[in-house]
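Structures given as structure tokens follow.
The following pair of complexes shares a single chain, chain A, combined with chain B in the former and chain C in the latter.
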Partner chain A sequence: MADDKDVLRDVWFGRIPTCFTLYQDEITEREAEPFYLLLPRVSYLPLVTDKVRKHFQKVMKPDDVGEMWFEYEGTPLKWHYPIGLLFDLYASNTTLPWSIFVHFKNFPQQDLLHCPSNSVIEAHFMSSIKEADALKHKGAVVNEMQKKDHKQLWMGLQNDKFDQFWAMNRKLMEYPTEEGGFRYIPFRIYQVTSNRPFIQKLFRPVASDGCPHTLGDLLKEVFPAAIPQNDGQKKYQVMIHGIEPMLETPIQWLSEHLSYPDNFLHISIIPAPSD
Partner chain B sequence: QSMSLSVSPAQTAAWRKQIFEQLSERSKREMDNFRHYEQAIEQTVWVKKGTM
Partner chain C sequence: QQQPAARASSQEALGRPKSPSREREGPLEKLLPLRDGKTFRAEGGLKPPAPNHIRSSRVSLRCCDPGSSPGSADGYMKKTVLGRGKINTPSLDGSCKSEEDVCALGKETQEGAQDGSEWEALDAEWSAAIRYEYHVLYSSSYQTPVLYFRASALDGRPLSLEEMWDNVHPSYRRRLLHSPWDTITQQLNYIVSWLSVVGPMVGLEIPLSYATVASKPERTAAR
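Moving on, here comes the complex of A and B:
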């Protein structure tokens, strides 16, 4: 039987094969070939697409190259969502590679945040970690860390260094044994068909009677429609990192093993395929 | 401080087994046919550079 620690590696090294195609409206000096890349699920688009920019810049005039942004089937992709979340939410159950359009003009201001440099991603990432730790430990762990420790988390993610990241991240995953888990579970639930960007509530890992809360308990409280009805009909898929954990899975275990590097469980709820 | 849920010796719960299986299936589905694709982040091999 595999070890729980193997799950952390599987999650970290998840890759999505992606085909980048230049959008038809972009002006080029010669034909732009598509570009194929394996994207880390746990990272962010602007952090891993330098090669994409360079590839397309070669066939464009510098004046025609604005801020790069990405689109999947008409949806601008938010760079501040992890790549795995974007894929699960918008492209689960589609044929691979994931086919993304690349744009250098007509930046959709109303849908996307600007990302002028990696320091903006770093600030977003660190603020998510701080928010998660506020929920888990009232911020005590992240506040005890030094600046170099924060940098280690960020550099681990930026350079795809699993050991460097987890040497520090494990501190954010500790909790007092007698409490059976974190104070609250940092989670966000996303839906394509909702005007709300996501659902986030306070949810404890252990019930008042001491029983561990499960993924099913969480959904019952915040998104009951995702629980299959008595007739067994499944209307939704509940996806984390491209898999559908059983509703009996303890939420504390999920938080420790299936959180993204920002320490949040990003859960996608998508309509179940009708076949 | 500990991670008590993680170190249970009898790791036979159905939910845990199912997660391992699904992650393995995910690797096959998303990676096995695409190993010839470039990685987005190159792993720097500083040891080799040091011997140049």
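Moving on, here comes the complex of A and C:
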């Protein structure tokens, strides 16, 4: 039986093979070759795509290189969503590598936030961590940390340093033994066809009778359609980090082991493949 | 596409909140549970609630993301305002000032007032139309009201971080940069108090008429 700590490593080191192709409307001085890269599931696009920009800048005039943005099958990719979430949501049942188009002009202001520097990503990342801790511990753990501790979380993510990150993150995963879990579970459920960006609600990991709540309990509460009916017909896949955890999995365990570095469980609900 | 109002600062109706399944008293009701479990109601006109012991609460201030609903919330208030301010010519790469530069902005405000001949130039510089959008939501994550704001030029282009700071009054810049945002007051009418503190920092003015006093003001304790 795999140690629980192995799960933390498997999540952190998950990668998605990706092919970046320059969008045909971009103006180049010579032909641009596609660029291949293994993207970390737990990180954010602008943090890991400097090489992509440099690669395409080589064949373009500086004046034609505006802010880089990415698109998959016509959908601009929100950089403030973790990469693994974007893949699970839009491309999980397609053949690898993931094919993404690269743009340097016509930035879609209605769909995407600008990302002028890494400090913007850091601010967004820390904001998510703080919100998650507000849910788990009323913010007590984050508030007790010093500024250098916050920096350590960010630097761990930025530099892909699992040990550095988890040395600090483990504090955010603690809870009073008598409580049996966090106060509320930080989670967000995403669905491409929905008009809301995501579903986020208050949900306790332990019932009033002391029984641990499962992933199935969470879905029953906030997305009952995702629970397969008795006739065995599965309409949806419930995906986290590219896998479908069993509905009997305790949600507290999922929160401790399958959260993204921002301490949220980002869950994708996608149509089940009809093969 | 909405027509901008002719006046420099116009006010649209406060939005209708999505209320949870509790009884409704009026069209703009918003329920805010307090940390001690008691609840009170605040109407759209922001009249003071029934006297209840109100603890101080954390407040937060954040910028709107065009594609994201800010956390889960039950109640909702929205206001749009047209104001005058300073906009730069948009740059191609969307670059913005670093945090050090923004701190320097705070220092700049200590310089003396400009002499008369430069007022005209300043006036022209500050005459761009800016559309401010304010949303007040109750965040169940933080169990506190949250003020979200977004500023854009009339063509819809969002203001850059540098432009946002340019339009924050100098006396607020330093406070925003250096002071902690912990708590405000224990006044009965804490929504109005809170809004009157955070609002002006981002151009949202709270008319005095909002603060109707129904009972003896209590001792305020500000941290």
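The rule is simple: the second predicted complex is superposed on the first by the 275 of 275 C-alpha atoms of A that agree within 3 Å, B and C clash if a C-alpha of one lies under 4 Å from a C-alpha of the other, contacts with A are read in each partner's own complex, and residues count from 1 in each chain.
The rule is short, and it goes like this: a residue touches a chain if its C-beta (ideal position, glycine included) is under 8 Å from a C-beta of that chain, and two chains touch if they have at least 3 such contacts.
Everything numeric in this text was worked out from a predicted model, so none of it was measured.
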{"item": "Chain B versus chain C as contact partner of A:Gln109, first or second or both or neither", "value": "second"}
{"item": "Which of chain B and chain C A:Ala91 touches, first, second, both or neither", "value": "neither"}
{"item": "Which superposed partner A:Met173 touches (first chain B, second chain C, both, neither)", "value": "first"}
{"item": "First, second, both or neither for A:Glu244, with chain B first and chain C second", "value": "first"}
{"item": "First, second, both or neither for A:Glu131, with chain B first and chain C second", "value": "second"}
{"item": "Larger contact residue set on chain A - chain B or chain C", "value": "B"}
{"item": "Partner chain in contact with A:Leu219 - chain B first, chain C second, else both or neither", "value": "neither"}
{"item": "Chain B versus chain C as contact partner of A:Ile185, first or second or both or neither", "value": "neither"}
{"item": "Of all residues in chain B, those that touch chain A in their complex", "value": "1-7, 11-20, 22-27, 29-31, 33-34, 37-41, 43-44"}
{"item": "Residues of chain C defined as touching chain A within the complex", "value": "58, 62, 65-69, 71-72, 92-96, 98-99, 140-143, 156-158, 160-161"}
{"item": "Chain C-facing residues of chain A, complex", "value": "63, 66-67, 78, 80, 107, 109-114, 116-117, 119, 127, 131, 134-135, 139, 186, 196-202"}
{"item": "Complex contacts: residues of chain A adjacent to chain B", "value": "1-7, 10-11, 14-17, 36-40, 43, 48-49, 51, 96-97, 159-160, 173-177, 180-181, 212, 241-246, 248-250, 252-253, 256-258"}
